[in-house]
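This report refers to the structure that appears directly beneath it.
A, B, C, D and E are the chain letters, set down in written order, and residue numbers restart from 1 in every chain.
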């Protein structure tokens, strides 16, 4: 399929990457109903690892089945599907080539104390399973942040050498207040560090107006950085991601009502965010409702909502 | 894109392959205007290596430019584009992810005497360049056949370990008469050996009615194997390729008139051949004529011609 | 370009290095407006990692764009540009060969508690990105100092085996008073340890008159080591860097007024320091102002100011 | 140094290469008096290996000294200097970073019978010696051609993985008539095969009007490919090198009179050839005469002669 | 021991080598009675491999004992001792550190037909045995010459990476007349190729006035290269060894009378040759006679004879 000008432009930002990595980014950017628009909507299903199966799937029991999520992403016309090893293994044959996949190569769980994750996948497994990218979470602010950064630095270099793309979930936590985890200064910082670590796609949470660090607060106030609206905050995150030269997708966060999700999506779109990565808000609804919500989101990112 | 029943069936034949390899086969099978039909039309451009640039491109000078072929394959809605290292390198960035590519990893040339080829590519290069498969030529009947088979056996195993697919061009030559090179017994044998070597996609020439080997001839006659029509011969080749459990594409060979090509295509289609790999007959025509011919071929394989 | 006597002399100090490493040092020493003078002015942009994007770039918003810094270093006629992986990746293609680059392979951030850094780059990435050197920070005095030294010892050996040069940022912190971090005895010690670790280029902060360690204090006083002026202190640092046989560049530190920077530069020059590495004081001004300041600094190091 | 539009355009052709490889190409393209013009003039000194020391250097005895050639290339303002291992080792320290070097990694000699070369260098040696590229000779038409192609295919992949560039000397010989070795069809074929093997820079001999292969002859005549002038033939070679998307330099061949060399240079320039690689015609003259000749050549390629 | 100006100058020629390799060269150059003079006298004992034990040692039976040769080299004050693996293993403990050793890593024998040698040692074995260098024979002109060159190219790179020195015995044979094997043009060529292959120390036979190659003959005559005396021929060999930038030692060849050996030594000395490598002429005499001869040779190279 002929690459669109939007996709060509995005690929041009990744000027140090091999054609293999560009091809995998292109597959994600050209896939689904947002294919070619330069926008992304990704389905992540790592909630089972993070919170346990019942907390994740009991509300919509068909979602216990790994095939459910591949099919949902496919039917909704999403850009890609991201999940840990086992979830991908359980469907990668049936859905081979049907939708780009992202192997989430580290994972946490709610039984653990440490603000860390276990490396549970690898670049070679991603190749074996036909994935287009690896995904990795860092916790800036955690006592484990340096170790996590070293893990993804090594895995990212390996992934790129094989033509895969790299997605970094940058989730501040640790030596931070709870509101600080999504404060605008911290989120911008988190996005920037992911970019510096060599991520092709960055995932952060939609930021609030809060300002966590005193030194940063002074700057935001003195330089009059506009953080008053979601749109403005998203624009600031994009600026912090190499002046918009990196793809940034925002999570939907905890399940919320439909209009709340759509409103957030409009803010992300209007601020120039690349798109969303939406897990619980999709698979924790009935399939029809999820498809309806995802359809609305796609329309928003296509400028039709 | 939802895999079609035809593609699901084809993928089911490759039951020992990883999801990565299946995904790459799927990308080829789902791409272009034949995407999902279970049929394939592939553009190969290794003529420059085989016969030199002027013999390949002088008749249609824009074809000297490597981008021309990527664009032709894309515009015609073909399934994949196959070429040696330099040709892929020269366009793999611009056309990243736009069309599946096959890195031809060995090549011959018309200055050489030996019925052999040089290994000029590698699996790591195929990954770097974002290719879905490697392609390799063997010359059954040549004094170099065992060495060539050993090369592809090793490279195929490596390719599969990284989730790539393997295409084998099986071209008998050497201790054979000239007509024997395309005789039905020899072509069936060539297809079968390629399958036995682990090829996912097999390329052979359309076979003639000739029978080269005496022992084979006896059997064909005694068992009344029907080789009287192209359709019957194609059906026999498919039978020889694991009773149709392997993808087989047939070359168009030297440039010929349009009706000759189309008639051959109908025979291939009716005999159950997967499709064609058509080089000189496409890029040695003016672009408009090539697009018209390729459109006709696609219609034939879609059952519309 | 014919190497100047000054550059030949400097290269002669690195008598155990391969021609590859010498060539990379030479590229840095021969580049820009100070090329051939034996002096260096380097642009480092790791502030985004260290302090976050807004604190680094909000004051001069075009600096959010990675290309801005390559272009600034180029237009100002600087010797080299140093930055973490993502910043280099985002411009290394566009500016290939236009200016020597230094890949900063470890980085800290202001969300972290530990006086440590994460290893976020590698020698192979430096080669892939066309860098002339790797850069690494050690924190002598920190509980992590031994681990950091072991990391750079291993990476420096690898870098040298591939013909790259090694830059060590030696920043004392940890079991030290705040004034002690820039005390003359500690800074001299930091420079000496970097030299002992095999650095080709050493970066320290301009030292103050303070003396941190009691045993050192006795010696400085007994031996009447002159530390009364910046010039004298710089001379002592150079002496501590193998009697001037190693390149030492001094940081400009936090943004300050122009005359303060120029005065410091004169002290560095007069004390025989090789040059400066000047980040915030350049990119946290408007581009025109930065170019003017850098022009003044170059003139100082050329003996014209 | 700011890359010129000409150099940016050339680098854009190498769209699959890493910034490291682009930086090394850029160093060659930006160096010397032709720096930035998009033209190249390279000094190769492998004559000692090919023909022995006296035949190479007795006519100009200072040329026995390896330093002589580095200095000549430097003083004449050439783009790069290419030589076998020992010649580079003997001067790479003294001239570190002063001029881009190309390590010729295989070599023949006039005591040998086989139309082959010995691999006498390696990628790791090129890195150790600070070279920007490796150089390799293939003999298309020789019984050893496939083996040579396999050697450079493997070494080129390795070189690219470390950010080096690749130069291929493509010299047809073997199953060819003597005039056939420089025939236009054969030379175009030789350039095309080097491009297909992944060369960044291709070196061939200026072609004659002769046509060696019958099948090719028919095409050249039927398609009326203009081969009547050197300019037209050079243009055809460039066309055969991916429609001008690859750098091609032409050898000066055996020493000849000055006007003969200059006339050839004008033909190469007017046909769009990238430049020349001129060995015997430079170092087999007195230094003053060589400098004068090289000055004339540079002026020609700058459009001033 | 303070390095002498002569040794410093010699070491300066090896400008691309590591201090480790320089230290091993220095050990040889500073050892024995010629230590520091810039001259060398080396004892090689590979005759047993080349011609069998009786032909080598029966005339002086104590020489059957490997310790005999270590002791002889030591007592005579020679520069180094070179031998195949077993000979070194048999004495390397007893004489550990007493005299520099060179592990001859390939060897021929008189039962063999091919003009080739077997690789019988390795760099790792040389390190295990405390050797300062590896020694390797090439046969330029042989059908095996390319393979031999590839072997030493790889082993030399490995040896240098471990800080060892490399000695190449360059002995033309094969497609040459018998007198051609020691002809001046061929010997100069042999020395030059060894230098190009990266040898630190080159060993050739003293050349005769003969000229073997027609093309070379024309040049020698036209350029009036003086080959009339041994002194002139040695000077030409040194010139061919990078204008004297490489150490060249000359073999004594077949056993001859004392005065013949001394006369040859004077020619080598006067022509600027570095020294001699003298096997059969030393150990095929009684120990007292050998010591007397070696004493005379040392005096000659010290300018005392």
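The working rule: a contact is a pair of C-beta atoms (placed from the backbone, for glycine too) under 8 Å apart; a residue touches a chain by one contact, two chains touch by 3 or more.
All of these numbers come straight from a predicted model, not from anything done at the bench.
Engineer: Please state, in steps, how far chain D lies from chain A along the shortest route of touching chains.
Structural biologist: Counted as steps through touching chains, the separation is 1.
Engineer: Of all the chains, which has the CA centre nearest the overall CA centre?
Structural biologist: It is chain D that sits nearest the middle.
Engineer: By CA centroid distance, what chain is farthest from chain C?
Structural biologist: Most distant chain from chain C: B.
Engineer: Copy of B-D's interface among D-E, A-D or C-E, judged by over half the contact pairs being the same?
Structural biologist: Interface equivalent to B-D: D-E.
Engineer: Measuring centre to centre with C-alpha atoms, which chain is farthest from chain A?
Structural biologist: The most distant chain relative to chain A turns out to be E.
Engineer: What whole-Å value do you get for the distance between chain C and chain D if each is reduced to the mean of its CA atoms?
Structural biologist: 39
Engineer: Using Cα averages as centroids, what's the distance between chain A and chain C in whole Å?
Structural biologist: 36
Engineer: Two-or-more-chain contact residues of chain A, please, as numbers and ranges.
Structural biologist: As it turns out, chain A has residues touching two or more other chains at 15-16, 18-19, 161.
Engineer: Determine the shape of the graph in which chains are vertices and touching pairs are edges (line, ring, star, complete, other).
Structural biologist: It is other, because the touches fit no line, ring, star or complete pattern.
Engineer: Chain pairs in touch?
Structural biologist: In this structure, the chains touch in these pairs: A-B, A-C, A-D, B-D, C-D, C-E, D-E.
Engineer: What part of chain E is in contact with chain D in the complex they form?
Structural biologist: Listed in rising order, the residues of chain E that touch chain D are 13-17, 140-141, 143, 145-147, 149-150, 153-154, 157, 172, 174-176, 185-186, 188-189, 191-193, 195-199, 213, 215-216, 219-220, 223, 225, 236, 239-240, 242-243, 245.
Engineer: Which residues of chain C touch chain D in the complex?
Structural biologist: That would be residues 1-3, 11, 18-27, 29-30, 74-75, 89, 92-93, 95-99, 127-131, 161-163 of chain C.
Engineer: Looking at the complex, which residues from chain C come into contact with chain E?
Structural biologist: Touching chain E from chain C are residues 15-16, 18-19, 161.
Engineer: If we count contacts the way the header does, which residues on chain D are in touch with chain E in the complex?
Structural biologist: Spelled out, the residues of chain D in touch with chain E are 48-49, 51-55, 58-59, 61, 64-66, 84-94, 107, 109-114, 116-122, 124-125, 128-129.
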